[in-house]
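What follows are several structures.
In what comes next, chain A is part of two complexes: it sits with chain B in the first one and with chain C in the second one.
So, the complex of A and B:
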């Protein structure tokens, strides 16, 4: 099963194993990873599942849609070139292990 | 010594979470009527119904959240009555549980049709995970779908049924869809968009009654204009009613929901009401409102926790809403009225635009289609009270995002 590692601002990390096609948001919410809210249920409507994807995984990520791009402009923690919405990135065949950093704030 | 929260939806769970993370050390008990881990409802009418197969329910919090935070989550348990003198809640098995503070997050239930045939097999509504599971299964078999009510749920479902290849007719007794929430210009745009997508959207046409076939299942809907529509699946989405009866029985003031003050307290200061069931004074509309949205539920939950912890500030969050109807992403910030002046920005023909609503020259709401940047800018502007004037918004090349950046840098 693919694995996702969430690294907290404190340096503490959680690695979770999930079914293919699971989004980072769903994985975090279902496993109680701190700092990922996902208030809208994965619709890219609330920007509370913001994560920073480590650069080494960038090539395996799905393209940024216009909606996601616009929502990322409004995250609570600062947007960087590594910013994505966790609900729009799923693990699977092309991405069987990923490491992301969790921002300090979501709301 | 503790808090009892009646209701395991977005509002109730958020209140529990915010109480603990805010340092509350007393006991927290959540009474949740449905069995199983409390879950998020918004995906039920969207992703959950997609032809590609349904995802598992998305929990609001994992099971470990409740144990780790010492929150007593009682599922499949309903609250029967509140005894305000003794400060106890009697639950379904007859036990009385004491409280210091009680948070009513009882939510709402779907309004039911009362017309002849309304109880016939094959007529569904959508609120719970079980409803969504039944509908997902029914959609795989259905050919002719009739939706009663062109509100958010009805149109979200209609778009999902189209994606399954069904023939879809929507009956709406009002002259325009989503009339309670949207400006006429936005309603009209959605009418055209859904019709282009092949949905037969019938306006000024309500439901009269249903026919059952020889097998006892629904086979047709008759409209108030005497048309007969053959159907094998009917979905009713005609709004919700607040679950305020338990509050009324306890002598708390109710009026289209449980009446609360600016701090979300009911007429009994030890009892708060939040989310769909709460009728609160809305500083943005300067009227009492009862909102049915995730944002309202979660923000009420956070605020109620702070009040229990001793805060005295008023609830003033700007309301925002969304609806996903097929490929159309509708986002609303603030609250519009049909008589607001409407300024259109962006490109409706390309399905990417917003409607800015002004009342007495003030920006009061923004409705956006596939324009997240506008929506997010609008939330900031409305919270800060820094809207563009109608004249500014009508200027060529106006950008809400650019205006917001300017306005927040140089507040007048």
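So, the complex of A and C:
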């Protein structure tokens, strides 16, 4: 099963194994990972599943949609070039392990 | 002045509170099958407990100030059967959050919903995938990009107009009815794309259809007003669609006019939006300003650091959620935070209580913009996460509040004419006289 590692601002990390096609947001919420809220349930509508994807995984990410792009402008923690919404990135054959940093704030 | 609803009466527009009047209540109860039946034992449910009965909760008390009752319920159990409102009330943060995350067990498509009669079957009472079709039909109208590029300047123009009307009215004016209500109504009118209507129409339609949604007493005069408004909205939509097809704009109706969406859905969703998109920005604007005026130290902090306007807005939504409760219905027997619920149980998800759960928020009854930031449930969650969230944030926290304190820096509550806050399904200020120099 694909694995996702969430690295907290404290340096503590959680690695979770999930079914293929699971989004980072869903994986975090289902496993009680701190710092990922996912208020809107994955509609790219709330900007509370913000993550920083480590650069080495950049090429395996889906393109940024217009909805995700505008929502990333609404994140509480600073948007960087590594910013993505966890609900818009899923793991699978193309991406069987990923490491992301959890921002300091989601709300 | 437009009066907000009928105080303490049938009460429960979006949920199903019972009427206060005994005769009305009996008439209703004889027509509605009770959900609070005995649940068959199963191994999963065996360890669970029955919901305690909160027969001490009354609708007039909820209307005046629900928070002490929410606290008492939450301390006793996360879920109660509440005879006065004829449903289970869910008051803990964890239980409300669980419901939001599990739409398969907790359906929005409530049986016997008067909202469906008053407004048609809108997305608010549908589950996915049907809900998603309607939700997607709203397109990008309410999204941050459209707000920034289109609505923000319109909100600013409307704010200037209604703020000047408030100023012209002079000290002693009512903050809610002379400013917040017309401002929120005019913004909503333009967002909906009703260029053939007025903000006064919107206030009237909104309140009368909400009253219809809560017409459990089956009062013919309430239905008559609600149905008249419903027909007026239908006529306004029919009138606008050909115009908007030729002259498209970023409004909801313009987008809907270009889509293969049944007219029935367009009508129901716009009526839901008129009913559910006016009170909330109006009430959160008034509540936030009321809280800041009552806490001058916090107001000073906000004025010194304008970034805190949005923090004050969120704290206000947490402290007094404008929509305090919404309904769900179980699709199967289940156990919620240790409490057994039968299939078909009608629930009230009490966000107003969850947002003051001390398990999540320290000193929860206090308005405090400096509290540690935690996600509140005021906008709901999951598929039904409030579609108007960003519109509300923009029109209230970005546009109205900074301009208000800039235009009327000595704004204060009238010490001799106290404000009144009321309601529980919808809660806000029903009277807020203000003074300035």
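To be clear about the criterion, the second predicted complex is superposed on the first by the 107 of 107 C-alpha atoms of A that agree within 3 Å, B and C clash if a C-alpha of one lies under 4 Å from a C-alpha of the other, contacts with A are read in each partner's own complex, and residues count from 1 in each chain.
Methods note: a contact is a pair of C-beta atoms (placed from the backbone, for glycine too) under 8 Å apart; a residue touches a chain by one contact, two chains touch by 3 or more.
Note that the coordinates shown come from a computational prediction; the quantities given were computed from them, not determined experimentally.
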Chain C versus chain B on the shared chain A, clash or fit after superposition: clash
First, second, both or neither for A:31, with chain B first and chain C second: first
First, second, both or neither for A:59, with chain B first and chain C second: neither
First, second, both or neither for A:105, with chain B first and chain C second: second
39-47, 129-137, 165-173 or 219-227: stretch of chain C that collides with chain B: 129-137
Contacts on chain A seen with chain B and repeated with chain C across the two complexes: 29, 39-41, 43, 45-46, 66-67, 70-71, 73-74
Contact set on chain B toward chain A in their complex: 40-43, 46-47, 55, 58-59, 61-62, 64-65, 68, 294-295, 298, 322, 324, 329, 331, 370-373, 376, 379-380, 401
Contact set on chain C toward chain A in their complex: 100-101, 135, 140, 143-145, 148, 314, 373-376, 379, 381-383, 385, 387, 389-390
Chain C-touching residues of chain A, taken from the complex the two chains share: 29, 37, 39-41, 43, 45-46, 48, 66-67, 70-71, 73-74, 76, 105-107
Touching residues (chain side chain A, partner chain B) in the complex: 26, 29-32, 38-47, 66-67, 70-71, 73-74
